[in-house]
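Chain nomenclature is as follows: A, B, C, D and E, assigned in order of appearance, with residue numbering initiated at 1 for each chain independently.
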Amino acid sequence: MIVRPHQHWFLRLFDWHGSVLVSIVFRLSLNLLMSVIAVIGYPWYSTFGIHLTTAPFSLIGVSIAIFLGFRNNASYARFIEARTLWGNMHITQRSLLRQIKGIRGIRAEQVQEFIGLQLAFSWALKHRLRQTDAQADLRRLLPEKWQRAVVDNPMPTSQTLLCMGEWLAQRRDEGVVSDIVWQSIDENLNHLSAYLGGCDRLAGTPIPFAYSLILHRTVYLFCTLLPFALVADLHLMTPLVSVFISYTFLSLESLAEELEDPFGTAPNHLPLDALCVNIERNLKAMNDEFPLPEPRQPDKYFNLT
Amino acid sequence: MIVRPHQHWFLRLFDWHGSVLVSIVFRLSLNLLMSVIAVIGYPWYSTFGIHLTTAPFSLIGVSIAIFLGFRNNASYARFIEARTLWGNMHITQRSLLRQIKGIRGIRAEQVQEFIGLQLAFSWALKHRLRQTDAQADLRRLLPEKWQRAVVDNPMPTSQTLLCMGEWLAQRRDEGVVSDIVWQSIDENLNHLSAYLGGCDRLAGTPIPFAYSLILHRTVYLFCTLLPFALVADLHLMTPLVSVFISYTFLSLESLAEELEDPFGTAPNHLPLDALCVNIERNLKAMNDEFPLPEPRQPDKYFNLT
Amino acid sequence: MIVRPHQHWFLRLFDWHGSVLVSIVFRLSLNLLMSVIAVIGYPWYSTFGIHLTTAPFSLIGVSIAIFLGFRNNASYARFIEARTLWGNMHITQRSLLRQIKGIRGIRAEQVQEFIGLQLAFSWALKHRLRQTDAQADLRRLLPEKWQRAVVDNPMPTSQTLLCMGEWLAQRRDEGVVSDIVWQSIDENLNHLSAYLGGCDRLAGTPIPFAYSLILHRTVYLFCTLLPFALVADLHLMTPLVSVFISYTFLSLESLAEELEDPFGTAPNHLPLDALCVNIERNLKAMNDEFPLPEPRQPDKYFNLT
Amino acid sequence: MIVRPHQHWFLRLFDWHGSVLVSIVFRLSLNLLMSVIAVIGYPWYSTFGIHLTTAPFSLIGVSIAIFLGFRNNASYARFIEARTLWGNMHITQRSLLRQIKGIRGIRAEQVQEFIGLQLAFSWALKHRLRQTDAQADLRRLLPEKWQRAVVDNPMPTSQTLLCMGEWLAQRRDEGVVSDIVWQSIDENLNHLSAYLGGCDRLAGTPIPFAYSLILHRTVYLFCTLLPFALVADLHLMTPLVSVFISYTFLSLESLAEELEDPFGTAPNHLPLDALCVNIERNLKAMNDEFPLPEPRQPDKYFNLT
Amino acid sequence: MIVRPHQHWFLRLFDWHGSVLVSIVFRLSLNLLMSVIAVIGYPWYSTFGIHLTTAPFSLIGVSIAIFLGFRNNASYARFIEARTLWGNMHITQRSLLRQIKGIRGIRAEQVQEFIGLQLAFSWALKHRLRQTDAQADLRRLLPEKWQRAVVDNPMPTSQTLLCMGEWLAQRRDEGVVSDIVWQSIDENLNHLSAYLGGCDRLAGTPIPFAYSLILHRTVYLFCTLLPFALVADLHLMTPLVSVFISYTFLSLESLAEELEDPFGTAPNHLPLDALCVNIERNLKAMNDEFPLPEPRQPDKYFNLT
C-alpha cells in the first residue's frame, strides 16, 4: 500500500512510482509502434480498400468501458472486503483482550499466554495468505506449552484458534470464567474464525476466470486496432490520441488485475506486515508491556508492505 | 472453477480453455458468415434502397451494453453469494467443532459422531445442489445410529441438521452441556440452517426469466444486423470488426448465463467437491484424525470441480 | 415465476410465453405504425423543413438507458429482497421446529400444535400479500384452541405470531422451557416478525411514483419520435430498426414495472403458493408426518404461482 | 407518498399530479423560450461565426447522465434507508409488545402503560423529523406518571426510551422479569435507539452539498445551451427535442433533490403520519383495545402524508 | 459540512462557497487559456496537418465519465461509512447510558464517572482522526482516578475503552451487575471498539493510490487536449464549451478527492466537533445535568466543523 503525503495536483500528474505505469509501459510502447505503422502505412494500405472508421470503435470502446467499470468494481470490492476483514480482526482482538483483562482471578502470566496466542493467530494468517513460512513468528510468539500443538500442524492458523478455545475452557474449569462470560468470549472466537474463513475465501476464489480473460482480450484487441481507426481522421496526431486512450484502458485493466488479489506485496496491495505490527503494538500497550515494537515505516517510494 | 497459475499477459490473450469461447464459437461463425454475406451482397441489395447506418446501432449497442452490465452484475452477485454461503459454512463447521471440543466430560467417540454429522451435512448439501445421489457419501460419513433417520428421508440435508440438534439435546440431558453452552452451539446450528436455505434459494430462484430472454434476444438480433450496418463504412474490414464486437457481447452474455447458476460443474462454477474435501480435511485435522484425505487437484485444464 | 428447463440458445430466441412480450405487443404495433407513417410521409413533410436527426436521439437514448438501468436495478432489488425474506422465513421456521423438538418433556400434540401455528403464519402472510381470503387456510391449519383468537382478528398474521409467543410462555410456565431456551426461541419469533414487517414494507411502499412516471413518459415519447429521426438515414429499413430499439426499451420498462411488486401472480412474480407448500412439506417431514402434501407443479407454460 | 391504483399505461402518460412536473414547469418554459430564440436568431448570429454543434453536447450530456444516475442512486438509497428504519421500528415495537405480553405476573395496566410509551416514541420521532410540535401527541399517549419526565425535556424521543428502560428496570425489581428476559427486551430497546439515531443521521447529514451544486449547475447550463446546439440540425423541430431532453434531465434532478430528504410532506416523501397510525393500530389490536383508530386515507390526488 | 437553508433553484446556480469551485478555479483558468490559444493558433498549426476531431474525444470522455462515476461512488461510500460509524457511536453511547442508569444500587457519582469515560472516548476519537492534541479534552472530561491511565498512554482512545471495561468489572465485583447484565453492556463496549476500528481503517487505508492517480492524470490530459479537438467545429465558441466540460470533470474529480478522507475540516467533511457536542448534550440531558453545552453553530458560510 502506498501512503503518500499530500501532493500538489500538478506534481501528482508526473508521479511515477505507485502507479501501475511500470507494468504497462511495454504495452504502451507497442501501441505507439502500431500508431506509427498506421500513420506511415495508411496511404499505402488504404488503396486496397482496407479502411477503419471511428464510429464502430466508439461503440465498442464505450461498451468495454462499461464492462471494465464492472470489473473494477468487483476487484475493488475484494480489496475493501479484505481490508475490512483485517480491520475487524484488529477490533475483535482488542475486544477479546478487554474481556480477558476484566475477568477477576486471572493471573498475569495467563493473560500474557493468551496475548501470545492472539498474536500468533494474526501472524499465522498473514503467512498463510502470502504463502510464506510462519515457523519463525510462531516460535517467537507462542507460549511454550502451546507450541507443539501448533507449529507442526498442517493448518497452524486454525489450530491456534483451537488452542484459544482450549485456554478458555481451562479457565472455565478453574472456575474463574462463568458460562455467561465464556459465551461472550466464545462469540469473539467465532468472529476470529470468520475472518480466517473470509480471507481464505478471498484468496482461494478469484473472480471467475472467464471475466478476466474476456476483458483482457477485448481491451488488447481494441487498443491494437485503435490506431488504424483513428488515422483517417487524425493523421499525425494518431500516436498521441491512441496512446492516451490506450493508457486509460490498459492501466485500469492492469490495476483491476492487481487489486483482485489484495494479499500480495505489490504497491496497491494491503500492508499485512504493518497491520500485524499494529495489532501487536495495540495489544501490548493495553497490557502495559512497554517498550512497544516499532511500527513499520513506508520505504522511500512511500510503499508499505 | 479454474485455478490457473499466473500467466504472462501476452500468453493469456491466446488462452483457450476456461473462457466461454467454446460455447459461442458456433454463433461467432454464424456472425462471420453474415459479415461475408453483407460484404458480397452490399452492392446488390443497396440498389433497392436497403441501407443501414452505424449511428442507430451505436445507440442500441451502448444501451444493450448498459443492460448487459446490469445482468452481469446480477449473475456475479449470485456467484459471490453462493461462494460466501459455502465459505461461511466452513467457518461455522469449524466454530462448532471448537465449541464441542471445549466441552468437558465429552467422550472422544461422541465428538467423532458429531464430526460425522457435520461432514454428512456438507456432502448432502453438495449432492442436493448438483442433484446427484447422496447415498454413498451419507453411508460413508454418518455414524451407524443416525443412518436410518437420514438416508431414506426425502430431505436428508435438513434431516442431518435435526440429528445434530438431537445429539446436542442428548448431551444437555447428560448434563455435560449447560443451557448457556447449548445456546451458543444452537446458534451455530441456526447458521447451518441458514446456509442450507440460502443455497436452496439461489438454486431454486433464477434471475427472472424475462430478463434473460430480453437480453438474449436483443444481443442476438444486434449481432445479426451489425454487419449490414458496418458494411457501408468498413467494406472489407466488416468481418473483423463485426466478429470483434459480437465476441464482446456474446461472450459476456454467455458468461452471465453460466454464472447465474453457480452450483454446476462447468469451468466457471464453484468447486463444491473441493470445498467439501477442504472442510473434511480441516475438521479431521482439528480432531487429530490423520492421515487427512487428499485435497482435490485441478485437472490439466486447471479446472476444479 | 417461470421454471423453464434448459433451452437451446436458438430455441430461446423464439420463446413467447414468459417474456413480457404479451403486454407490450400493442405498443410495438403502434411503433410499427408510426414507422410506416414516417417512411411514407417523409418526402412530403420534409419539404416544410420538419426534420429530425439521429444525433440528439443518441444522446437522449443513452441517457434514458442509464436511468432505465437504474430503475431496473431498483425493481430487481425489491424482487431479490422479497425472495430473501421468504427464504429466510423458511430457514427460521425450520430452526424453530428443531429447537422445539430438542426440548425434553414436550408432548407430541404440543409440537403438532406449534407446527400448526407456524404453517398458519406462512399461509396467512401469503394471503395478506396477495390480498386474498385467508379464512379457509387458517381453519385448515390452526389448532382448535387458537382458532378463535386469530380467525376473526383484523390482523391474523401478526395475531398468529402473538399466539406462538403465548404457546412458548405456557411451556415456560410448565417448566419444560428454561429462560435461556426461551430466549433462543424468542429470538426466532423476532425474526418471523421481521419477515412479516419486511414483506409489508415492500408491498406498501412502491418505488417513488415520480420515478416510474418520468421513465414511463420519456421511454414512450422517445419510441414515438424515433422513427421520424431514423427515416432520413434508413428509409425502408426504418420500421425494422425502430421496432428493434423500441422493443429493448419498452420490454425492459415493462419488466421493471412487473418486478416492482413481486408478490403478484404474473409470470415474473414469486411463487408464494409453491413456497408455502415447500415450508409445509419440510416441517411435516421433520416431524415424520407422512404422506407429505404434493409440491406445486408448473403449468404447461412452465409458470409457477 | 403517492398510493395510486393501477393505471392503464396510456392514461399514465398524461398523469399530472404526483410527478415533479409542477416544480419544473417554469424552468421548462424558460427552455422553450431559449429554443424559440435559437430558432429565430440562428440565421442572424451564425453570420458572426457563433456556432454550436451536437457532438460535444452528446459527450457532456452522456457524462451528466452518468453523474445524475449516481446522484439519483444516492438519493434513492436515503429514501429506502429511511423507509427501512421506520419498517424496522414497526417490527421491533410489535416484538417488544409480544415479549411484554408473554411475561407472567404482569398487570394489564402495566402493559397499557408500556404501549403508551411505545406509541409516544413513534409519534415523538415523527414530530422530531418533521420539526413539528410533539406536545399534543405526547400528552395524549403518555401515561400520567411518565409525562413530567418527557414533555418538557429538550429531547423527548430519547427521554421516552429512557422511560421504557426505567419501566423495565422496575419490573425486574418487582421480580416478574428475570435477567435473561430483561436482556432480550433490552436488546429491542437498543434497536429502537438505533432507529432514532439512524433517522437523526439521515435528517442531519445531507448528501455533500457540492454534489448537489455541481449537478444542479451543469444540468441547467446544459439545458440552456442545448437549443443553440440543436438548431443547426433540427431548425423548426428544435423546441420539441430541446424541451424533451430538458424534461428528462430537469425532472430527474428535481426528483433527486426531493428524495434526498425523505421525511417531508411532499408527494414523494414518506407517509410518516400513516406509518404512526399503522403502528398504533397494530399494537392496540395485539392488546385487544378495540375500536382501533382509523387508518389514514390518501387525499383525492392519491397523496398520503 | 455545509448546512445550508433551502435555496431557490435560481440562486443556487450562483452559489460560490461550499462548492469545490475555489480549489479548481486556477485549473479552469488554464483551460480557458488553452482554449484561447487553440482558437488563435488553429489557422496556423492546422496547415501542418495537426488536427484533432471530436469523435475520439467523445469515446475517451464517456469512458472517463464512467470511471469517474466509479471513483465518486467509492469516495462517497467512504463518506457515508464514516458518518454511519459516528451515528452508530451516538446510538451505542445512548444505549450504554440507558443500561447503566437501569442498574439498581448504582451511585450517582459512579454514573457520572462512566459518562466522563464515554465522552472522553468520543472526543479522543475525534482528536485521533484529525491528528490534534487530545490532552485538554481528556483532562476536562475524564474523572480524576482514570486520568493517569489514559492521558499519557500512546493510544488514549483504546485505553479509555479499557477503563470502561474495568469500571464495569468493578461493578460486577461489587455485585450490582449480574453476569447477564454485564454481557449486555459488554456487547455495547464491543460495538464502541468496532467504531474505533472502523474509523481507524477508513483514516489509514485510502482508495488504492493508483486509482486516484490514473483518473487524475486522464482527466487533466483530457481537459488540456479538449480545446484543440473542439476548435475545428466550434471556432469562437470553443472557450465556452471547453470550460463547461472541464468544469464538470474537474469539479467532480476534485470533490471525489475531498470526500475520500471525510475526517478533515474542509467544507464537505464531517462536522466531528458538532457530533461530539451533540453526544455530550444527549448524554447530559439523559442524566439531568443541566445546563447543556451549546450546540455548535455553522459559520457565516453555513460551514460546520
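In this text, a residue touches a chain if its C-beta (ideal position, glycine included) is under 8 Å from a C-beta of that chain, and two chains touch if they have at least 3 such contacts.
All values reported here derive from a predicted model rather than from experimental measurement.
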item: Contact-graph separation of chain C and chain D, given in steps at minimum; value: 1
item: Common touching chains of chain E and chain D; value: none
item: Partner chains shared by chain B and chain D (touch criterion as defined above); value: C
item: Numbering shared by both copies at the chain B-chain A contact, with half separating same from different; value: different
item: Centroid spacing, where centroids are CA-atom means, of chain A and chain E in whole angstrom; value: 24
item: Intercentroid distance (Cα basis), chain E paired with chain C, Å; value: 38
item: Sequence positions of chain B contacting 2 or more other chains; value: 55, 58, 62, 66, 69, 180, 183
item: Chain B contact footprint on chain C (complex, rising order); value: 1-4, 9, 12-13, 15, 18-20, 54-55, 57-58, 61-62, 65-66, 68-69, 72-73, 76, 79, 83-84, 87-88, 90-91, 94-95, 98-99, 101-104, 178, 180-181, 183-184, 188, 230, 233-237, 240-241, 244-245, 247-249, 251-252, 255, 258-259, 267-268, 270, 282, 285-286, 292
item: Chain B-touching residues of chain A, taken from the complex the two chains share; value: 27, 48-53, 55-56, 58-60, 62-64, 66-67, 69-70, 74, 153-155, 158-159, 161-162, 165-166, 168-169, 172-173, 179-180, 182-183, 186-187, 189-190, 193-194, 196-198, 200-201, 205-206, 208-211, 213-214, 216-218, 220-221, 225
